[in-house]
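Next come two complexes built around chain A: one with chain B, the other with chain C.
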Partner chain A sequence: MTEEQGRKGPFLRGENTTRRIMGDVALALMPALTGSVYFFGIRSLLLVVTSVITCVLSELVWEWLTGKQITAFDFSAVVTGILIAFQVPVTTPVILIIISGIFAIIVVKQLFGGIGSNFMNPALAGRLLLMVVWPGKIIQYVPAAGTDAVSSATVLAAMKAGEQGNYSWLDMFLGYVPGALGETSKLLLLVGAGYLCYRGLINVKASLAYILTVLVVTFVLGGGHLFGGDPVTNLLGGSLILGACYMLTDYSFISARGRLIYSVAAGIITGLVRIYSSYPEGVCFGILAANCMVGLLARFEQKHVYGTKYDKDQKTAM
Partner chain B sequence: MKKNSSGFLGGIHPTDGSDKALTVQAPVTEVNPELVEISMEQTPGNVCRLLVKEGDFVHRGQLIGIPQTFAAAAVHASVTGHVTKIKKTGSLGEVCVIRAEEADTAPEVRSYQTEWMENDGITREDILRSMEKGGIIGMGGAGFPAFRKYQTEKNIQTILVNAAECEPYLTCDHILMREQPMGILNGIQLLIKAAGAAEAVLCIEDNKLDVIENFRTILKKKEVPIRLQELPTMYPQGGERQLIQSVLDMEVPSGGLPADVGVIVSNVATANAVADMVFAGLPLIRRYVTVSGCVERPGNFLVPVGTRFQELLRKAGDVSAGQNQMIVGGPMTGYCIGTNVRAERAEGAVSKATSGILILPEQVTTETPCIRCGACGRVCPAGLNPFKIDFAYRNGKLDVCRKLYATECIGCGACSYVCPARIELAFRNIAARNAVKQTFRKKGVIQ
Partner chain C sequence: MKDNGWKGIITLVIVTVIAFGVILGANYFGRGTDKETEQSVAGEQKEIDINSFGNVDPAIQSAYRILDEQGNAGGYKVVTKTKGYGGDLLLELVFDKNGDTITRMEVLEHNETEGLGALIKEPAFLEQFKNVPLPVTLKNAAAEPELPAEGTAFEDGTYTVEADQPDYNGYRNTMKLTITDGKMTEIIWDALDAEGKSKRVLSDNGEYVMTESGPTWKEQAEALAAAVIENQSTDFLSPDDQGKTDAVAGVSISITDFVTLVKQCLVQAAGTQMEGAQTADAAGSEDLTGSADAAGSADSGRGTTVDGVSGATISSRAVIEGIDKGYTFIKNYLGTLS
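Showing the complex of A and B:
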């Protein structure tokens, strides 16, 4: 009887693999992608496909050049690619999408060690780059198909400018509003999120905590006076649901309580940016700032190790 | 980390129960092999000295191996016949091959298997001596000699009789409870006496409702210090420390033994073996073994210790999957002894601690980078962060492993089960635990 080296127990493994999880997330984004083609035309598909190809190729080339294990086909770069395109308007020049994708994968993801080791969400960082360097190029929103609206400002931008909203809650929910490719139709995003819930891949508590915090902050401070904000427009108008369901809990390894703190922090920053900054949208900043706090939160994490409550010196594992 | 609904930290649901359904209703087959191969190293590292030589005639139940190490237990011949060969192997010590010459007559049903026994005339010392003489080991897998556990000077209040059988596929304890309820209960009475405990708790997972119902009916009829505890089905509910946490809401101190908190945990099969020895003088030479997975007729087999795996696989109708791996024990904590196995090529034989033989489809996994999902930490029943220990161990930082409490790993495999990156967390956490224990014990830092 010889124990075969290299054959390591346990001999049952769960069904989730990185590839399957990322594939599921990509699948969950398909309804919203379909919606973006319907609302904004075939050019949105071009942007998404360009973005995905850029991300996967960047990852593949980098891993090949540095001699690392090839993980380019585990769908995580695909998800990053889709999410980058989902956050920009349909008028965005293709070259910017390519730059954003390369930046997200090479600088934000690979330079910090590749999947799992990056300290912030690459898709959000890619979008941040565009916002900071080419702000004028990614604010040319167009009305969605099927509406007779002339204004092409996003709902949140209009609200920020103090204009009266032209869109009904139902329009905002279904996606008949100007906006970035993938963020407008809350219905389609929630369909995908429902699938991820079914597969157990979304931390529902964290997502809800994030959304609720944003709503509370914008309701309390958002209007001209205390408690004068408009939470519904804040919920349905921007990319809050996209961020909460698909970007928030990416790569956070903290405990349930840590995640709650993390989500609330992200929500507060998102809300404050929406209210007080010159940007109408704050999801990107909120989540990125919270991403940077993960290390700190994890440090304070108290995890009880079995059998150590009698141990006077150390009570918890690091 | 909070305890989950099952009463211990973390935990997983590896399967939907269809794995156990493969064997739980199948008829139990009694096997009378022509040949047995009895190892003098029933559990790794615990050596016995062989008392017989080639050509000797031995009787069923005759002592043939005397323990040489602290954690070894006496070994007995499991069939009557001539010793045809003595093989010297590396990992199993000496292996005594006996050809059975006398067909095993069907054992008569004894009174302890059907009714409550009086044990007033039996002293604690009698029971301990019987356990030692009968070569009775803990049948839950680790195989530590039962008498050593019960010899403790500590004040024991509670015996936990472990019938959780939380490992997927295995049903041998379930079958034993179905076939020998009275033997088990009489055995538990003996265990209570052997430890001087106040009560015993029979702990069964709620996927074995038929035996729970049966035990409940029996226990209702008589006033005995045995309590039945139904536990939620979750892995590793049957881990010694986890069971204590679920049932008694206590934790065994790090580096300590259950006896330190007044508890002894014994497997349900151990209880039955003690009854066999005390009431019928039968040493531990037979056990139930589950043969399951990709075989034509999965089922449970009552076999003499030393029955060869190839014989068992033949009884189960040979292997039905081409690309397979053969596992001894449960799929979570067992070990692989070969791949692409056919019955005639299966090496090895049943030991006292063999609970099952599983043929599972071969799995080839590639480790990918950790995505920091934290799943391993959420399921760890010891409350560890397996990915951190893994990282520190891979970088050779044993002091960091120690600070991360690598010593508390119970080796259940839950972390590797959930890891989406297919990182061999359990393998290296166990390695880290062993390395830390070895290194720091030498330095005298830990016990």
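Showing the complex of A and C:
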């Protein structure tokens, strides 16, 4: 091995920094944020702003108290804050948003070493906390503005209850359905995802693999009999697109095959939770479970070390 | 990678504006959301000012008229808040235009135990209430009889009562009450399991255990009976929301069924006919007593009997209470319109 090969990489650095990447993600979420204000009123903006401020302040205070390098302004906490608010209905008490944000940043992110070292998506973990501790407080959905809906049951909740849906595919795609702040308008989420694709920040294959897996599982096993599921409602009715485009691909350091396995695993768990559990939505559980598998996948699906020849038989670098 | 920062942002803004144009335009030109709802029409909701009515039950949180295409009331929506086992229970009820049946129902908020009281949200429980005649009562709740007027003479004899259905533990309550010289002299409260075994016997044998060191079920039943015989009344027991009483030392079991069975025996002893709720079938229940009193509280002679969630009587009763209060409110509201 040469002297250069003995030094640790990376040796060439791109122009993307964490701040730039996270700033782009935050920008990509702006269309959906604007949509949430239109559909659910100004309170949605209050929740998002509260969540963002909580996350940034939590990170800042923690890093200051522990003497670490201040990274609170690299937009990662901003993205976490936005995503936490995007997963709850507009009726969520503000205090719960604050608690969720503090938990996500301090417990899930900072205690495990900060950005890049946390083993779980902080925003999803914050949502999980609310679901477990205050389940009744985050299920009060309201009909979106511009609808004449009588009931505020979400599309997936109504489907799980065996009720006939009151919303068309167009309603679900545009966002005229009850739901969490950021999940309702698939159009606006895809606009943001398109921006991330343009910037080269999204792993399209992983996202597609995840979505397709969920659709296949729910189609085959859902609906009460084999091949009785409703793939369109499963695609458009919940937070699948939000999860696939903005929360799934946090972990991209493993090999391409590993990422595929990770996405499929997340999709299988998401689909099974939607069908067999009492929760109508399973994105949170699916992605978090896959997050926990990343360590295992990284162990068995080692990325090829650049600059060396890969011996398939020995699986070692030569 | 070449940095296309500003170009990308401008494109994002333009595409977002176009997307909003699509969203707003689709709403303006109609989105084709004319699917039939359970209300037969989906209409504007006009809030009813509940504060304008005197003595509205505090359980009523809000109420709305749901207008049809002609602007007439096509239905009503009421949100009620009752006390469940773990805390407040918020129900959203949608009634038909006459307030006779529930067309849609949803548990908006609850703090019940997962896997137990939280099952009130499940379709299997909620479907029972749709499109059946109101009011509703729980199937396992024995009808609360009216005691004869004070001073009524009780005929000497032994009177027995058995519950129609087992309780949530699978035991069917029975009672034998003896009147001698016009007074209660013996009360034997028992319960039979699915195999016909007596709870008193099982309790004696140590096969039905309450707590390791506390009084057995039989001892508590006998203590209750002795207290009622001494007082010649059940009024002093005053069971709380969970059916417990502080009036008899050493008794920690729920006494609601005991009190009901005693009253049923006394009604028999006074020679009075007893009314009860009709059991529902899939098509709805029959009206036993004739036309209902539309302007007052629900008539106990009509309506539907439903199954509670097994093991979650308090949660089930909280739902029933919410429905009853919503139903009473709507009937009173409709009464003010006529």
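As a convention for this text, the second predicted complex is superposed on the first by the 289 of 318 C-alpha atoms of A that agree within 3 Å, B and C clash if a C-alpha of one lies under 4 Å from a C-alpha of the other, contacts with A are read in each partner's own complex, and residues count from 1 in each chain.
To be clear about the criterion, a contact is a pair of C-beta atoms (placed from the backbone, for glycine too) under 8 Å apart; a residue touches a chain by one contact, two chains touch by 3 or more.
For clarity, every value in this text was computed on a predicted model and none was experimentally measured.
In the superposition on chain A, A:74 makes contact with chain B only, while chain C stays out of contact range. Judged by the touch definition given at the top, the superposed model places A:171 against chain C, while chain B stays out of reach.
Look at A:115: by the touch rule set out above, it reaches chain B but stays clear of chain C. Once the two complexes are laid over each other on the shared chain, residue contacts for A:38 go to chain C alone; chain B is not touched. Judged by the touch definition given at the top, the superposed model places A:21 against chain B, while chain C stays out of reach. In the superposition on chain A, the residues of chain A contacting both chain B and chain C are 14, 16. Across the interface of their complex, chain A is touched by residues 1, 9, 12, 14-15, 89, 91-92, 168, 241, 245, 251-256, 325, 327-328, 331-339, 347-348, 358, 360, 363, 365, 368-374, 377, 381-385, 387-388, 403-405, 408, 413, 416-422, 424, 426-427 of chain B. Contacts from chain A toward chain C in the complex involve residues 14-16, 24, 27-28, 30-31, 34-35, 38, 135-137, 139-140, 146-153, 161-168, 170-171, 174-176, 185, 187-188, 191-192, 194-195, 198-200, 278.
Listed in rising order, the residues of chain A touching chain B in the complex are 1-4, 7-14, 16-18, 20-21, 69, 71, 74, 76, 113-117, 251-255, 303-311, 314, 317-318. Those residues of chain C that touch chain A in the complex are listed here as 1, 3-4, 8-9, 11-12, 15-16, 19-20, 22-23, 26-27, 31-33, 35, 37, 39, 42-45, 66, 75, 77, 87, 90, 92, 94, 104, 106, 108-111, 114, 118, 122-123, 126.
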